[in-house]
Amino acid sequence: MPIIQMNLMAGRSVEQKRRLAAAVAEAAAKALDVSPQTVRILIHELGVEDFSVAGVTAGLKAENEAAARTHSRD
Amino acid sequence: MPIIQMNLMAGRSVEQKRRLAAAVAEAAAKALDVSPQTVRILIHELGVEDFSVAGVTAGLKAENEAAARTHSRD
Amino acid sequence: MPIIQMNLMAGRSVEQKRRLAAAVAEAAAKALDVSPQTVRILIHELGVEDFSVAGVTAGLKAENEAAARTHSRD
Amino acid sequence: MPIIQMNLMAGRSVEQKRRLAAAVAEAAAKALDVSPQTVRILIHELGVEDFSVAGVTAGLKAENEAAARTHSRD
Amino acid sequence: MPIIQMNLMAGRSVEQKRRLAAAVAEAAAKALDVSPQTVRILIHELGVEDFSVAGVTAGLKAENEAAARTHSRD
Amino acid sequence: MPIIQMNLMAGRSVEQKRRLAAAVAEAAAKALDVSPQTVRILIHELGVEDFSVAGVTAGLKAENEAAARTHSRD
């Protein structure tokens, strides 16, 4: 019955999601010794302001890095 | 305190979501013998490339089925 | 495909969980007009220190209420 | 490793999400005595028909309240 | 950042969980073209009364099947 | 309505969970400008074989580190 929820940054192509679903289902079924037919995968995509590490969202981090690059060029 | 998260394929109407919330809250409250007021339900909708069974996304499955129908008409 | 995750306080009997699963699956299938066979339900049970409202865990709230009852009897 | 998933009603500004991420990461790291660097936060936003209390979605509740205000003015 | 939550029936061995984590992390990292270092996997195990299909818990299903086997031997 | 799910390594004391719930609820309510009363927090604890980074469970990582320490003492 593996039910797998994957949280990803938004922006993956259809092709990438299909490759991901196929690869993870196969890996899980083999490792658990269950039929692939029992594996369900759900993908939740997150915007850049909806994921953070150490309290800094991905959006803010990108902004900070862009600003740092600009400063380092001064 | 039941907190219920429901993952659905995207595309339900407002009417259907309201019916779903009402029916599930009533069923859960009755089965658990708690006040309906304590039941919270969250719905997450998934796109066709965000749900897969056996490594095949709902989108790919629909494509495959459409192709099979076309071939069977040849 | 409804995949439903239910968070409950720990301590439900087997009988209650079976009644809950049956009732919620039927309610969801009917409201969404899908086969009950497509409904999967997962239950996560939480201990009294693992659920809180307004920053007060269920365990602490019970302690506070017990203390209040004792005081009101003084 | 705290991995924190926050379900919010949709509509928060970028500024509010950044403030939320910063504040919750700091609070969790301090309370758990771990490095903020280990704290990951994921935000899931819900539409008004995707959250319900007592079987009444936030959207329906708002409609009911608007109707009640209208009636009380009659 | 893939953060992957896997719901499994309880009872997997340590060896199986390690194999599962390694295989799924590798599959996800390759399909998404990200460093394996960014992949986090969380496993939630479910008891037989905590998972149901079509409103029948895994525990009840096993009971029903055992009873059917007994009857078919009569 | 913030509903917050926190995944932690198992082993926190009651005291730590209560401090965590209080601190996170206060931080979230302030950042979102909502009443603390609306904040619900759910804690899920994970065993050392149920969390992995880069395909290596916390249990395996601890074993590897213990083995490395032993070797470095040789």
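The letters A, B, C, D, E and F name the chains in turn, as written, and every chain counts its residues from 1.
Here is the rule we use: a residue touches a chain if its C-beta (ideal position, glycine included) is under 8 Å from a C-beta of that chain, and two chains touch if they have at least 3 such contacts.
Everything numeric in this text was worked out from a predicted model, so none of it was measured.
Of the chain pairs B-C, D-E or B-F, the one whose interface repeats that of A-E, sharing more than half of its contact pairs by residue number, is B-C.
Across A-C and A-D, the chain pair carrying more C-beta contacts is A-D.
Computed from the mean C-alpha positions, the centre of chain A lies at a distance of 20 Å from the centre of chain F. Across the assembly, chain D contributes 1, 3, 7, 22-24, 26, 40, 42, 44, 51 as residues in contact with two or more other chains. Taken together, the chain A residues at the contact with chain B in this complex read 14, 17-18, 21-26, 35-45. Residues of chain C touching chain B in their complex: 1-9, 12, 16, 19-20, 22-24, 26-28, 30-33, 51, 58. Of all residues in chain B, only 7, 44, 46, 49-57, 59-60 touch chain A in the complex they form.
Put simply, chain A touches chain C in their complex at residues 1, 3, 40, 42.
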